[in-house]
Amino acid sequence: MAFQLPTWMALGPTFVLGLTALLLLVFDSITPNATSRGVLSGTATLGSLVAVGLSAWYLLAGTGAEPIRLYQNSLVVDTMTLFFAFVFSSVTALVSVASYDYLRDHSYQAEYYALVTLAATGMTLMAAANSLAVVFVSLELASLPSYALVAILKKNRGSVEAGLKYFLVGALSSSIFAYGISLVYGVTGSLLLPEIANNLAAPELTGVLGLGIMMVLGGFAFKTASVPFHFWAPEAYEGAPAPISAFLSSASKAAGFAVAFRVFLVAFPIEQLVTGAAASVDWVLAAQILAVVTMTLGNFAAATQDTVKRMLAYSSIGHAGYVLIGLAALSGGNNEFVLAGGMSHLLVYGFMNTGAFLFIALTEYWSIGRNFEDFNGLASQAPFACTVMTVFLFNLAGLPVGGGFMSKYFLFGAAVGAGFWWLAAVGAINSAVSLYYYSRVVKAMWIEDASGEFDIESKPVGLYAALAAAAVVTVLLLPGFGPVWQYATDAAAALVA
Amino acid sequence: MVPVQYYLLLSAAVFAIGVFGILTRRNALLFLMSVELLLNAANINLVAFSNFHGNLTGQTFSLFTLALAAAEVAVGIGIILVLYRNFKDVDVTEATTMRW
Amino acid sequence: MWIEALIAVTLASAFAVFLAPNKVAGKLAFALSLLPLVGSLWMYSTYEASGNALLEGSELAFESNFEWVTAGPYALNWHVGLDGISMPLVALTTVLTSLALLASWTPIDERQSQFYGLMLFLEASLLGVFSALDFFVWFVFWEMVLVPMYVLIGVWGGPRRKYAAIKMFVYTNIASLVMFIGFIALVFGLGDSVTSLDMPAIAQALRAGELGGLGPLSAGTLKVAAFVAMFAGFAVKVPVVPFHTWLPDAHVEAPTPVSIMLAGVLLKMGTYALLRFNFTMLPKVAQNNAQIIALFAVISVIYGAMLALAQSDLKRIVAYSSVSSMGYVILGLVAYTLYGMGGATFQMVAHGLISGLMFMSVGVIYNTTHTRMVSDMSGLASKMPFTVAVFVAGAFGYMGLPLMAGFAAELFIFLGSFGAFAGSVWFTAAAMFGIVVVAGYLLFAMQRTLFGTFELETDYEVGPAAFHDVAPLVVLILLVILLGVEPSIFYTMIQDAVNPLVPAAGGGV
Amino acid sequence: MTGFVPLQSEPTLLPETIGRVLFGSELAVWQEAIAAFLGAFLIANIMLANAGVAGPWAKRKITASFTDRIAVNRIGPAGLLIIPAAAVQLMAKELIIPDGVDRPAYDLAPIVLASSALVGFAVVPMGSIFGINLQLADPETGAAYIFAAASIATLGLAMAGYASNNKYSLMGGLRAIAQNIAYEIPLVVTAASVILFTGTLQMSEIVAQQAEPLVTVAGITIPSWFAFVNPFAFVLFVVANLAEVGRNPFDIPEAPTEIVAGYMTEYSSIYFVLFYMGEFIHIFLGGAIITTFFLGGPAGPVLPGFVWFLIKIWAVFLFTQWARSAVPRVRIDQLIEIGWKGMLVLSFANLVLTAVIVGVML
Amino acid sequence: MNPWIAIGALALVGLLIPLGMMAVSSLLRPTVPEKGKTATYESGEVPTGGTRVRFNIQYYMVALLFVVFDIETVLIFPWTVIYRSAVSMEGVGLTKALAPMLLFIAVLVIGLGWAWRNGAVRWVRNPDRSQRSVERQ
């Protein structure tokens, strides 16, 4: 390359997303009365696409191969940062496109897009955070807009209730997280992750440290909708506008995991805390328990739901459980593989789960009911949308019609390789359960006969475009899983090393 | 000089009060106040430990915690307000259009 | 590149048919299915290979190997190729698919383009399963089979189709996961000695005894655990009693062409995988526990036959008899003798054709009479003599009548297994008893339904079936007889591929 | 443990002076506490005296002068004895507690208001008289502390408005909060622009930095009081301070013609005295802040520092009384718009400009 | 001497003085209970309704704005303290000391401008603006 970008441009995706949010607010300040959906949605989409492009370009150019440390090491841009920035901005782009139709009669359009891009900014920052302070701030930057977004349908009781519950659990867990940070700081005297690891050498206050780490874990559990802070997830995903459910369940969850991976691997190294001679704080064990409980609870609860959106919400908890394997199987000496499994699953999940929720958005747009029965025979009316949804669902279930298959089996394979075959076995059982409830939707759409007439007046362009894009990427990730895995492995290697 | 353990005890007490408030109160505003207590417990720790370790990291971070707590309250009160408009109450257990 | 072309053409046909209008979908699908059929026949005619694909010193036909994904220390490659075991199965798949498509014209009367598209998609997946030589590629295709199967049964099946479809779906998916965990544990147990998920490499490393422990498991335990996991996984597909309960439901509810594919090809996936994985990669474990496995096989044979005897639904009878027949295959495989393994593999093909024939004729009868209950009808022979004749021929094939493919297969199996199990002849003897039961119930059913005076309360016109219904029957019966008369068409290559596995033939264990 | 002991500014602080007189040079903690308590008592009483003079007497006199009337001239010389008279009269009045008040809050509100105004003076450098430096404490974070103390009053107003069970009170309380918070930010941001110059939050340092000569015009040296250095900030601050202390044109929380007496409506007897007194102390606290930040603190020629300090805070008081007489009251909507659209933007502009100028000039 | 001892002392005095005045007053003042006296004062009229009246939502909007902006001043203050020394410090300089805060204030100002344009600080709303909050369903 002929010229060298300044190092701060490594955070390009973050800046682009943040500027997009500000630009949207400026738009709305200039013309608060006019609601030009196209301009707003277009700006948000364009901004996030630029962020997608930047992160992809950086990945290809190997920007993160040698971690770029910024602002006194409180931010670090490595492959993982860019990998997740790619995920977040892709999901943001999909959600922005889809919202063009979904929000057609809603108020607060500009605010909506601004909040979405702001939350995405926070998420990209989370992936780059190398200091607990940045972790906390970026976590809040991602969370606060999300609370508002969930409750943005002010006249809809479900939305408001969802927003309230999300907020209450979120506020609680973020304060617990802050308290955990303060304890960790108290023991180690630093908030920078590498320094925390350095100062762990001879912790005198092991109990305090353990409590702190568990509280930090709790904070991540909230963000990733894992047990024990998962209560909000079904409510929030069900009540929120469907594109927001997509955004939260895909991007937000991935962000939680991104930061959890970095914090736990860099700040609380396994060699010192878990397997070391002075093994004291076995957070891997805690992660194992959380993983098993989370995936089991999520999947079995999903199997008992009546409404599709809520089913997807619970299944999203189940997937959080799968990804938790990425943390839970870490002491087995196959860390790189395990972590990369978790990361690549998050990437694929970003597309397939967003797609599934966007399909729900489409049905909400058409005012089709929420129950499984309401979807009966939908395929005869909207074959394309239903085909695409089937692709997403089979991917979520781990059938080989797309990348979901690859990532799930790589994850399970990695767990087995780390010696945690029982984790994989639990995952396998859950996966089978998930097949049951995912196929219920497929069954309803394709197999059952319609009980009534659907009132489908139009095929919304934005939603269809987002669905198609998500589906194409999901399917292409099956043959094209190589690069994803490559980058995930690189990212994991940087963390493990 | 006050030993750092005392601060830890104080913050633990504040934290416990906050948790107690969260567990026993159903009013959303009281819930918010309890959360503020939790965050302030963290702040006590941060400032105390900052002094203990002789670096400014903790104090600086506590400023951020304050700011974020305020932002959280701003968003939270907004949500509680729309909750009140929809449910005519700020009891967090009132809103049950969805089952758990 | 021929295998890729075969799969690609089939997939492309599937998409083309999916997009075609309903009216022409059936004919278009049949026409397009001739392409892979011709392709596979051409491949058969130019087939030149020796040895077992997974073992040293083999020459594979149409092999190709590209890099796909690198998963940590393991390279996943696109590796396909054919040997004497897979070639017949590939041919079987293409033949049966074309015939099944032909047999779909009458019963499938709605959403045709989707149906035929899925059938072709199924064919592509099956071709992939039988030709893949990299574990992950194989697994992709293996799982891919489920998707069209689920929808095919679920949409076009009988009254309880939803239940049957989801049962099949969940059952086999759990099985795959169990198998996956078992196999992956093996691979990791091999440590650095393998650097890819290439099946030949893994098989050779395992046979060379390079397996180490994994986590808390020692090498020996790991071997057995993995064997059990894989066996359980494949047993569901085969199916082996007691994992068989999904099969009768699926068969009964599935429309005729899907039943043909299910019995004719899908069940062979299970035995094929058992042969490829369990019996090739972990032969010692298999041999050490040969009696237990044989016991499973014999129970499948007898129990399947007994259950068939108790059925009053023609299709259910044939379905349970499939369970029984697949028991023979396992019995033959685990014998680890020349004839046993060869015969078992030959039985896969033979049973594929015969069960296809049986289901097809039951389908034709059903199309005409709209019932499958043995008790409902009698004297069909007078109304549709040709169909009945084919049905009778198929039934005799099932019973192992000489000059039919089934005879050759079962004969080899019994020859091979007799005395194979530590000198115990009881297993084979018991299995042979199964044949008697099969003969009993088939004769009983035929006597009730086909002969005597015609009696059936129905609103439908009962008469000879259409040409396009009968034609596949004829083709199948001819193929069955051809294989019965001249088993060497396939048996030579099968034996060539199986020999290296058999200790007595110098294959070593 | 280093780094957190505040710098000892040169003139000894009041408690230490008292401590040395009482106990010698080495002080134990309890001795320090006693000395501090005595000093605090002295400072509090100085401010109480100021408020006492201002409330019943000076305020009336000033207003009368502006409106060309004669006021309080009956008792004592120039009516000065009205001060003790009013004190006794008000304290001896019956306390009427209306039905339905929220008792703890109702009782606490006047105490909060009065004491919050008092505690702010702890860090104010009041200058010295007779060689005694009348400053109680001089922590590094003095400026932050004084703003914090001053804004506690809002809490008292809210409590009073809410607890009184009276619509006027509620309105007054709400208005008081809206107003205080609307002008709090311009106030603090403008103060921040001063801190940009000083680079410290320590009150004595802020004062010391204003002692430097700015320019010398015709032999008269103008000190670098920030009122001269940054007059724009000074004006902003004074206006914002007017709103903070709730004087005209920003007296809508009380607005007697609209809502009787706002949050004070239901208070009588000593409670009313506390409110009334608290407000005046608050005005003086605002004056003290302005004095310290912009008017060079107690600095001045010839006279002792404390006298200059008194002159300056009384000047600010005079200004508030002038505003009270001369400027019409704004409406609540105007108040909010002035605050959020005018003052806030101006104060941010001021901050940025100051930062740029300070940065470039260095 | 720790300055906070003196500040605490003044806080104590600040509490004791009002309390003392209350105590003195309670000794001096008469108590003549009477029903009419304790009625809520509404300019001499008979009180109507409760006091928990619904008040203008703008009070709330302003409070919300305040919470955010006031806390931002918390973040501005430390910067103002170190600004001068940072500008003259080796390796920091004007740009590095000023630019981040300018960015920070710019974000704040954009937020303020948005709130301004969307009527957060406008006391009287135009009727047509209320249309904006009409939502589907």
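To keep things simple, chains are lettered A, B, C, D and E as they appear, and every chain counts its residues starting from 1.
Everything below uses one rule, namely that a contact is a pair of C-beta atoms (placed from the backbone, for glycine too) under 8 Å apart; a residue touches a chain by one contact, two chains touch by 3 or more.
From a predicted model like this one, the values you see are computed outputs, not experimental measurements.
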Which chains, if any, touch chain C and chain D both? none
Chain separated most widely from chain B, comparing mean CA positions: C
What pair of chains is linked by the largest number of C-beta pairs in contact? D-E
Starting from the mean Cα coordinates of chain C and chain E, work out the distance between those two points in Å. 78
Please work out the Cα centroid separation of chain A and chain E, and write it as a whole number of Å. 37
Centre to centre, by mean C-alpha position, how many angstrom separate chain D and chain E? 17
Computed distance of Cα centres, chain C from chain B, in Å: 64
Residues in chain B with touches to at least two other chains are numbered 60, 64, 71, 78
In chain A, residues with contacts to at least two other chains: 154-155
For the complex, give me every residue of chain B touching chain A. 4, 8, 11, 15, 18, 22, 28, 31-32, 35, 38-39, 41-43, 45-46, 48-50, 52-53, 55, 57-58, 60-61, 64-65, 68, 71-72, 75-76, 78-80, 82-83, 85-87, 92, 95-98, 100
Okay, in this complex, where on chain C does chain A touch? 68-73, 136, 139-141, 143-144, 146-147, 150-151, 154-155, 161-162, 165-166, 169-170, 173-174, 177-178, 180-181, 184-185, 187-188, 214-216
Under the definition above, what is the set of chain E residues touching chain A in their complex? 107, 110-111, 113-114, 116-119, 128-129, 132-137
Quick one: which bits of chain E touch chain B in the complex? Just the residue numbers, please. 60, 64, 67-68, 70-72, 74-75, 78
Please name which positions on chain E make contact with chain D in the complex. 1-15, 17-19, 21-22, 24-26, 28-32, 37-43, 51, 53, 55, 58-59, 62-63, 65-66, 69-70, 73, 76-77, 80-85, 87-88, 94, 97-98, 101-102, 105, 108-109, 112, 116, 121-124
